[in-house]
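By written order: A, B, C and D. Residues from 1 in each chain.
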Amino acid sequence: MTTVGFIGLGIMGSPMASNLLRAGFDVIGYDLVESSLERLTGEGGQVAESVARATSDADVVITMLPNFPQVEAVAFGEGGVLDSAKPGLLYIDMSSIRPQTSRRIAEEGAERGVRVLDAPVSGGERGAIDGVLSIMVGGAPEDFAAAAAVFEPLGRTIVHVGPAGAGQTVKAANQLVVGGTYALVAEAIVLLEASGLDAGLGLDVLAGGLAGSRILELKRRTMVERRFEPGFRIDLHHKDMGIVLDAAREAEVALPVGGLVAQLIASARAQGHGQLDHSALLKVAENLSGRGD
Amino acid sequence: MTTVGFIGLGIMGSPMASNLLRAGFDVIGYDLVESSLERLTGEGGQVAESVARATSDADVVITMLPNFPQVEAVAFGEGGVLDSAKPGLLYIDMSSIRPQTSRRIAEEGAERGVRVLDAPVSGGERGAIDGVLSIMVGGAPEDFAAAAAVFEPLGRTIVHVGPAGAGQTVKAANQLVVGGTYALVAEAIVLLEASGLDAGLGLDVLAGGLAGSRILELKRRTMVERRFEPGFRIDLHHKDMGIVLDAAREAEVALPVGGLVAQLIASARAQGHGQLDHSALLKVAENLSGRGD
Amino acid sequence: MTTVGFIGLGIMGSPMASNLLRAGFDVIGYDLVESSLERLTGEGGQVAESVARATSDADVVITMLPNFPQVEAVAFGEGGVLDSAKPGLLYIDMSSIRPQTSRRIAEEGAERGVRVLDAPVSGGERGAIDGVLSIMVGGAPEDFAAAAAVFEPLGRTIVHVGPAGAGQTVKAANQLVVGGTYALVAEAIVLLEASGLDAGLGLDVLAGGLAGSRILELKRRTMVERRFEPGFRIDLHHKDMGIVLDAAREAEVALPVGGLVAQLIASARAQGHGQLDHSALLKVAENLSGRGD
Amino acid sequence: MTTVGFIGLGIMGSPMASNLLRAGFDVIGYDLVESSLERLTGEGGQVAESVARATSDADVVITMLPNFPQVEAVAFGEGGVLDSAKPGLLYIDMSSIRPQTSRRIAEEGAERGVRVLDAPVSGGERGAIDGVLSIMVGGAPEDFAAAAAVFEPLGRTIVHVGPAGAGQTVKAANQLVVGGTYALVAEAIVLLEASGLDAGLGLDVLAGGLAGSRILELKRRTMVERRFEPGFRIDLHHKDMGIVLDAAREAEVALPVGGLVAQLIASARAQGHGQLDHSALLKVAENLSGRGD
């Protein structure tokens, strides 16, 4: 039976570890937060006192951490994953971070005989609980193949998109389009309402035509009603737009709309909406037009 | 039997008139271009030598013209629609123009006993031919009801979205979201390709998640393959972004993303791509990143 | 002695007419506001009851009006300037309007033997009172030469910048740079203050280097102190950004920064700051960052 | 006599070290490039074989390095400045880097009894040679006072702008305004030229009014003539816009215009103009409008 070391048992990591347990994996978890560990043991998992302990006996290690500094500390630090890996370990970083860190992990892993995949996800807490995440995977094809059984209980759309870092780049492209679409729908709502129209009715028409999108389908009602409970928080999307711009800088491309949308999301956060759903970008748009509260 | 005066038999107007003929309406058409008139007579329609002649015996007049100056000339000019209407005429302007012109036609129509609807469409030449346009209608509810039989052979989604001008405002909101979505998808493609990835594969993932949209569904393949035959031309979307910004100015709202996207579409036109499909916004995005031809 | 018909005796026009009187011109004024006319008579001017009366005996007609619809009405209307002009009239429109209207006046003027200049100004009410405006003049060189004596008491920098419409285009370029510079200084202030620094001290350094500008020189103190009494109002700059974007559309160019700045100025107006000085763009910038009131 | 360790003898550092020698300081320099060291010895300086050697006997250490990773390596590395400092060392980092690194150096310096200033400059190679740089200094007032004699031969405008990191923040604000002003002047040139006007003449008018700026004063002629020899290179301004956005993120502010300008500068670099003067932002603007080569 495969032993999975799981490092980072937060909102996303915790239900993912549960799904792995349920699928029959041995899971040995590590997190700084005590209560996350308790939940894991309650479901039949084991608890490690350190990254090294979670790694040393594992066949597969998964990290699910907030951002690249945490990943770098856990991957490269003394007693970190690369330091503690047994030969042939498959290390899957499922955090959303900048591609360059993913590539560096892959390079250093290769030097130590550790196989590395970057595999960020989309689908949010709901998708993690239901095991229906979209997983975008970068790395060697044979390592992707080797990880199939591990991904299976976690996601529904599982795509190998390219070499090391590619998963992160596709995730960045995803967040660029998602953030920008929220901004556009927000501006459409403001235009409709300020023109005296029923925005819900107007968006119904948009949703049925070329302007249609998953966001219009799932969120137009809650946006018009100003219900912004998360979902995926502005704070996280703000972090992700930083990754988008980092990735653009590294790829030497210019993203004018992305650059602007990043600032609008920064505005949502600066205005105090960091804990709301990313659809709360509407609050920035209406504020700019002297509307809303 | 209802007689429909149809003014403006271009790429959109011509197949719309054909669909009305096929549905059993008497159609009397007017256009400045001789060949458009010939087609109409070939299908059993009548030809008028002037706007006045197309209007004077009609129960319903439809105009389908390039922009507001043409609509104003036809609606308000000497021998124009309002001037030549018989009492109770139902005048439906299906052009995409700025809302303020639509409101002015409605006001002047009311003074002369003419019922007026603004009813811009989306769905393009294909939708016009197949009679499956989306029609966004502004005006009085009873006039919308009276127009039902006329709209029926033209469209599939036919929605009364509010009072005079409301159809145009919803159309503007639609074009804002469509133009912006193209810009976002274009930036995503540039980021993916410049990062060395297979953009088609990356967009497949995006299309399946929260970033998904009708545009990703219908256009991601042609965009990645750089096939930009229209479809809906950049030149027309450029005109429409002018309407979006006019409508925003009139509604006293600020649309930062819309304002930027309008300039990117203006760039596509300035770079000589006015006759290409609006998905050719990709050419601007890749040019900004020193890519493409 | 030269007789000047002066149409539009508002905040700018009134002191300009006074300066012409003081320089020895016969001035016959027209305005819809009674009190403006009283001031003119008090200073030795004459009052006309109509545009036609202000024009018919004049050697030179100056219009100083809010925007192009007023100019078009006064220039082209029945009993308007072109209609009432004596042969050889020199018609100088000093309003800030879109270039295309200026060109149309010049064309129609040429057909009727009226010499036409577009001559928008910068320098504000203060510059109008002190007779030190900058005047940007479009039209034929010989007409510019003929107007020299009229411009002399009104301005200090008086430049013939090209053919009909050129004055308006240069004015538009000016307002683009001015509006954008305010936006940049505003963002610099927000960044400095949010970083815990003394923005006044920081801007002192900027003002002394390559970032230096007339705006930093004249306005950095009042901006940091949030004193926004006009000066030149947001409402007017909003109008002018409309001209900038119209001119860009006509010249078939893309102005991404201009397009965004136009929306930020629209935001200042939408947020209720239309009557404040254009430096109040700072209020939009700090609001976006969750700062200020 | 004061001994200054000078680490980083590039385009800026080399003439700065020369000016310190000329002012009577003992300078012991370190650089990875051999030829830079030869120049130093030719002018009476000493050469160190390592950062540690350049630091261990110095009363003052200055670093002038490309970006924060180099500064972090030199400051924090084994045998780095903090590691090798004698008690009471005054460490002045004159590189342009993100404020957070400056603050971290100051904190770690304080723990080791090293006094730290961040002191980025503006004025370019010319200013470095002539000893007339603007120097923006962050740190403790007493350390600023202690550094006066060292700054004196290097700069003309030397301002203490706040605590640790403040120098970097002011420099970031400076580059934001400079980059944005170039973008605005570029758009003005494109608008004027595409309208058929003499851009040089138009900019002369702008330079004399509220739109006036140091950039218009110094660069309008070369921009209109498309002469883009540096000066300050696009590549460096691109780096600096990264610092601006990092600083904004850290200060939790939104900079919409800054965010867009950063992408336009990224575009200049992506289009292959990284080695040209930053005024070459004009090439992006004209390219967007289908103009230029």
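We adopt the following convention: contacts are C-beta pairs under 8 Å (C-beta built on N, C-alpha and C of every residue); 3 or more make two chains touch, one makes a residue touch a chain.
Here the structure is a predicted model, which means the values were calculated and not measured.
Student: Taking touch as defined above, what minimum step count separates subunit A and subunit C?
Tutor: 1
Student: With centres defined by CA atoms only, which chain is the most remote from subunit C?
Tutor: A
Student: Can you give the whole-Å distance between the Cα centres of subunit A and subunit D?
Tutor: 36
Student: Compute the distance, rounded to whole Å, between the mean C-alpha positions of subunit B and subunit D.
Tutor: 51
Student: How many angstrom lie between the CA centroids of subunit A and subunit B, rounded to a whole number?
Tutor: So the centroids are 38 Å from each other.
Student: Would you please write down the residue numbers of subunit A that are in contact with two or more other chains?
Tutor: Expected reply: 248, 252-256, 258, 260, 263-264, 267, 270, 288-291.
Student: Which residues, counting only subunit C, touch subunit D once they are in their complex?
Tutor: 99, 122-123, 134, 136, 157, 159, 161-163, 165-166, 169-170, 172-174, 176-178, 180-181, 183-185, 187-188, 190-192, 194-198, 201-202, 204-206, 208-215, 218, 244, 247-248, 250-258, 260-261, 264, 285, 288-291
Student: Spell out the residues on subunit A that touch subunit D in their complex, using ranges where they run on.
Tutor: Answer in residue numbers: 242, 245, 248-249, 252-256, 258-260, 262-264, 266-267, 269-270.
Student: Considering only the defined contacts, which subunit B positions touch subunit D in the complex?
Tutor: 256, 260, 263, 267, 270-272, 284, 287-291
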